[in-house]
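All chains are identified by letter, namely A, B, C and D, in their written order; residue positions are counted from 1 within each chain.
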Amino acid sequence: MIRFDCDYLEGAHPKVLKKIVETNYEQTAGYSRDEYTSSAIKKIKKLCKREDIDVHILVSGTQTNFTVISSALKSYQAVICTDSAHINVHETGAVESLGNKIIAVKNNEGKLSSKQVEKIVAQHYDQDSPEHTVMPKLVFITLPTEYGTNYTKKEIEDIYNVCKKNDMYLYIDGARLGYGLVAKDTDIKISDLPNMCDAFYIGGTKQGALFGEAVVLVNNDLKKDFRYFIKQRGGLLAKGRLLGIQFDTLLDKDLYFTISKHAVELALRIKEAFINAGFKLKYNSFTNQQFVILPNEVFEKLNKEFALYKWEKEDSKNVVARVCTSWATTEENVNKLIEKIQKL
Amino acid sequence: MIRFDCDYLEGAHPKVLKKIVETNYEQTAGYSRDEYTSSAIKKIKKLCKREDIDVHILVSGTQTNFTVISSALKSYQAVICTDSAHINVHETGAVESLGNKIIAVKNNEGKLSSKQVEKIVAQHYDQDSPEHTVMPKLVFITLPTEYGTNYTKKEIEDIYNVCKKNDMYLYIDGARLGYGLVAKDTDIKISDLPNMCDAFYIGGTKQGALFGEAVVLVNNDLKKDFRYFIKQRGGLLAKGRLLGIQFDTLLDKDLYFTISKHAVELALRIKEAFINAGFKLKYNSFTNQQFVILPNEVFEKLNKEFALYKWEKEDSKNVVARVCTSWATTEENVNKLIEKIQKL
Amino acid sequence: MIRFDCDYLEGAHPKVLKKIVETNYEQTAGYSRDEYTSSAIKKIKKLCKREDIDVHILVSGTQTNFTVISSALKSYQAVICTDSAHINVHETGAVESLGNKIIAVKNNEGKLSSKQVEKIVAQHYDQDSPEHTVMPKLVFITLPTEYGTNYTKKEIEDIYNVCKKNDMYLYIDGARLGYGLVAKDTDIKISDLPNMCDAFYIGGTKQGALFGEAVVLVNNDLKKDFRYFIKQRGGLLAKGRLLGIQFDTLLDKDLYFTISKHAVELALRIKEAFINAGFKLKYNSFTNQQFVILPNEVFEKLNKEFALYKWEKEDSKNVVARVCTSWATTEENVNKLIEKIQKL
Amino acid sequence: MIRFDCDYLEGAHPKVLKKIVETNYEQTAGYSRDEYTSSAIKKIKKLCKREDIDVHILVSGTQTNFTVISSALKSYQAVICTDSAHINVHETGAVESLGNKIIAVKNNEGKLSSKQVEKIVAQHYDQDSPEHTVMPKLVFITLPTEYGTNYTKKEIEDIYNVCKKNDMYLYIDGARLGYGLVAKDTDIKISDLPNMCDAFYIGGTKQGALFGEAVVLVNNDLKKDFRYFIKQRGGLLAKGRLLGIQFDTLLDKDLYFTISKHAVELALRIKEAFINAGFKLKYNSFTNQQFVILPNEVFEKLNKEFALYKWEKEDSKNVVARVCTSWATTEENVNKLIEKIQKL
């Protein structure tokens, strides 16, 4: 069985693992006070072309999202996001469990628009008694989206402007940031991000690391005492250097983007194969996740040799299948899958 | 200025106030351990034709909702309700602030259907890894709804059956329960309620009391240690007898329903006047709240003499106005309003 | 049975009740936007000799404490108080239930000292990694204390200075503020309070009102969006005027302090009677609560005619009994109790 | 600089790391549904001689503690532990941040006694109105304690019996469980643990793993839906196999206890050296953490070559220094430290 059902099937990129092995006997300070973490942070600042950002590396995506969001908001403040946002559907209500309401609006191919944000804001600022409703305070978007689609620079800037006008934060979940930024359907560079949001994170788990997500805090309001929140929420790893070593390696000589490109190229080949074989795509993704509509029996047939993910039912006869590539996907396995698709 | 903008404009029904005055110098046990509260509870049990229910009288509606819901649910369990539900829009995210997600679905004239509940349940019980999503565990409905409309017995029973099948609770917000139960568009009696839900409350604040909401807990799972929750959430009044005295009086000789009928009759007269004057209703309510679509200038004109509530914009030229009656509304004032409507 | 076991046995001072009855049919704006509340707030500002304070009237003491504290603190910030503090022992963990740790230190006759605060602060600011411990951020004291004792002006100023030096808030629970301020063992005036703390509340429930506690916010940081917190925590009463009317009446012509003096005078007569009869006091209180050590059999004997509160066991043979007076206590009943004590 | 200041200075035991490298390219199911985790769980069940336990491997100690505790308790239930307990002082109020009060009592060399638990229970079950105080529901102890000391089997059984009698849970934090169980001052075996508590965890981070703590749930009440809590609290690692691989390796051929013995032997040699050099111990520990009282200047002198941890001030002239060994500590480095101590 060759698996394409998710992008966290293997361990870490060999260079990452090599560095962990090499440094194994070094004695370093705990809790991310080590030199590898410092070096990783320097690289992120350079990459972002901003020295005034704060960087913290946390363990997992859910943890990163709830730590950033719950640290930014008071109990009566709310998050605006799409109904398909990871925090809304796949994090077991973690944001709410820490006290904040999520206002979810209908996604458009996984995306949120500045108009939708404006509408929600308008609904919540009743002049007489605003205190009966929550106060929308943070906009959450995912880049690329949960459906593999991308925002353009203009689209995020529009959202950011609405945020600034209404004293709200914009936070970008970058679980698959590399796969998104190397895709052809966006003009965003990583150095643009600090200028168009208040916080974002650079995903590691799905992009070459064993685990680890690097949070970039741009807005000064969000920086204060952030380590207290990390510790309290369980994200301050005793051997924090593991996080530092991994990002220090991934960000060395552009490795992060090189492996992102590799994955995206292979994903696009699979996409093309499905299109050529006459299947329709659920979303038009140019990143490492592809969503294709397959008749139930085709899905079952493919799944005998290649694990795809049954994302959702399309209707009684069809299923939406997710196909993922990653830094670890081999050309050989992709060729096998494509051959199989051609023979369907 | 005569006000019809809400149903909590005046104090309490004179009989309620009289009893508070009469008993003022009595020394009673604190925290709802007094005899007036015991007597009120007995009356509620008799009214509900069930001796096995637990009754607690809390102070306000928001407090009642978050106390019941947060006591019933664990942090990964969620509430299903309409997008128009009071807990979703007008309680400042109180439910989420105590840790539980709300899954809001589109209302139909303020109502939720059993089909909608089934659909949400189906979406959340992924066999492989249900723990990535919240677990829907409580359905919240309002009787009558926030839009003044009513459920039939069959409609609520259908929802309750879906709940039982899926090990979920059904909780009914009865902030205006009396106004709802006396209306002609429902066949529900108060003694039906314990047989068709796990918990509900009998609203006092909007129905003749100064304040106070009587929670009825039917399901044994919800009864345990409920006083701990009341105390912790701020609902255990030192002079709890105030709550007992009020309900004891309101439930004496059917006063609660008598004043409900009074309010509803007046509301229907106003409704008729608006219809006869050619205005459209936003919702077809038979209870004490009426929602009528008025041109902006008509709304402004009326508001010079009669305070109505600007519920929401209908479009750029029209507004949805809420008109409320209550136990305290006088026929005289209603006549004045109707005369004004007729002259519009 | 004549009861002295607590100070919330009766309803409200007759003038308060009279005003509620008189205004019963007035139509007022909901949620404390009414004129009675405005008038009460004006009186509190005048009494405090400060126009720049914010005043909000909430329903109950537990609710007031958790609303103020949870609104002031982030999740990693903690409260310092005595082990005997009401929030630490008699509010069912409400402060913690909303996310904040309480650091309780040993009380000295119910009181906290500035030295104790300094010591806790010193323990929590480890230079290397402060984020592993909570950050003490708010000091909570009760005036008068839960044991009826009072702070001097100097004592609270010393605590306040430690707070200011360490960027912490001082919040004073004034559930029985009137009874404290009229006592002879303090030199504090109500107009001193805004100059020696960041927030406090003026208790109503135990001091002539049916219910109600008036929160005074002095520090600007605590004022922002406070109504959101009140609403979310269940303290925004629909008929908020009830709170306004009560304080407006209690603060009229010094009624609040007149009834406080009445209660304290009677309490001191009872205290004297116990001393003269050879009993020891657990705490040397000059306010309306007296704590006397009684042999078990004496306690039982007294309790046949006069309800006292069994505060705690002193040892196997003795009990600490609490005796309370209030605005409602009559001289006649006190005389009866004293006669009984004299005959023990 | 040779470091002895903590027990998480290096990476992982070489066998653990070797296994991670070997399995790097395997494709496994995410979220701990992989075979390595299954194998590790089997080994833990065998070690504990109980097939009916549930085992989950989480990432870090703080995360493990707050996940277990917050999943076990309702908002009005509290934890009893020592004032020195890790959850009380070094986890940034995480337990309270999720809603539960901690009742901390004075430790005796880091330990809690069954008598102390009984006393707290007695204080909290006031017959009239227990709901005004929290309900103690979980006892938390650490084995070995934060001060390196151990409980005997009898001591924990006594606590467990008090728990059972009062319907409370006993939960044991085993961050350094191996170092404790191999020490000569306890008679507890790992297979005893499921019979004397409701839940415990086997620490990995400080005992040979890069990270990871294996939670053992014994009481059925704690097992239900635990994966929901893990996910919601950020502990469900996408590449969960990393946790499985590490424990599968550590528990193979007794490696976990072999390395524990190694560390403890070296710690006892250092302890002896300090005693022989005339220094006093703060606590009499037989595990891998030693606490020695050193004059300030001696501490400074040692710290030029050997990092020790300044645990706390003993008095103005002396400091309590913590010295830790681990699986990674070498005999060579210990010899160097001992030589240095001998020359002080």
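As a working rule, contacts are C-beta pairs under 8 Å (C-beta built on N, C-alpha and C of every residue); 3 or more make two chains touch, one makes a residue touch a chain.
Because the structure is a prediction, the values reported are computed rather than measured.
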{"item": "If a chain touches subunit C and subunit D alike, it appears here", "value": "A, B"}
{"item": "Pair with more cross-chain C-beta pairs in contact, given A-B and A-D", "value": "A-D"}
{"item": "Centre-of-Cα separation between subunit D and subunit A, whole angstrom", "value": "33"}
{"item": "Separation of mean Cα positions, subunit D and subunit B [Å, integer]", "value": "50"}
{"item": "Distance from the mean Cα position of subunit B to that of subunit A, given in whole angstrom", "value": "42"}
{"item": "Multi-chain contact residues (two or more partners), subunit B", "value": "75-76, 91-93, 97-99, 131-132, 228, 231-232, 236"}
{"item": "Residues of subunit D that touch subunit A when the two form their complex", "value": "2-3, 6, 8-12, 14, 17, 20-21, 23-28, 30, 59-63, 66-67, 91-94, 97, 205-206, 210-211, 228, 231-239, 242, 328"}
{"item": "Touching residues on subunit D, where the partner in the complex is subunit B", "value": "31, 33, 70-71, 74-76, 98-99, 129-132, 135, 225, 227-232, 236"}
{"item": "Parts of subunit D lying in touch with subunit C, wherever the complex brings them together", "value": "75-76, 78, 89-93, 96-102, 131-134"}
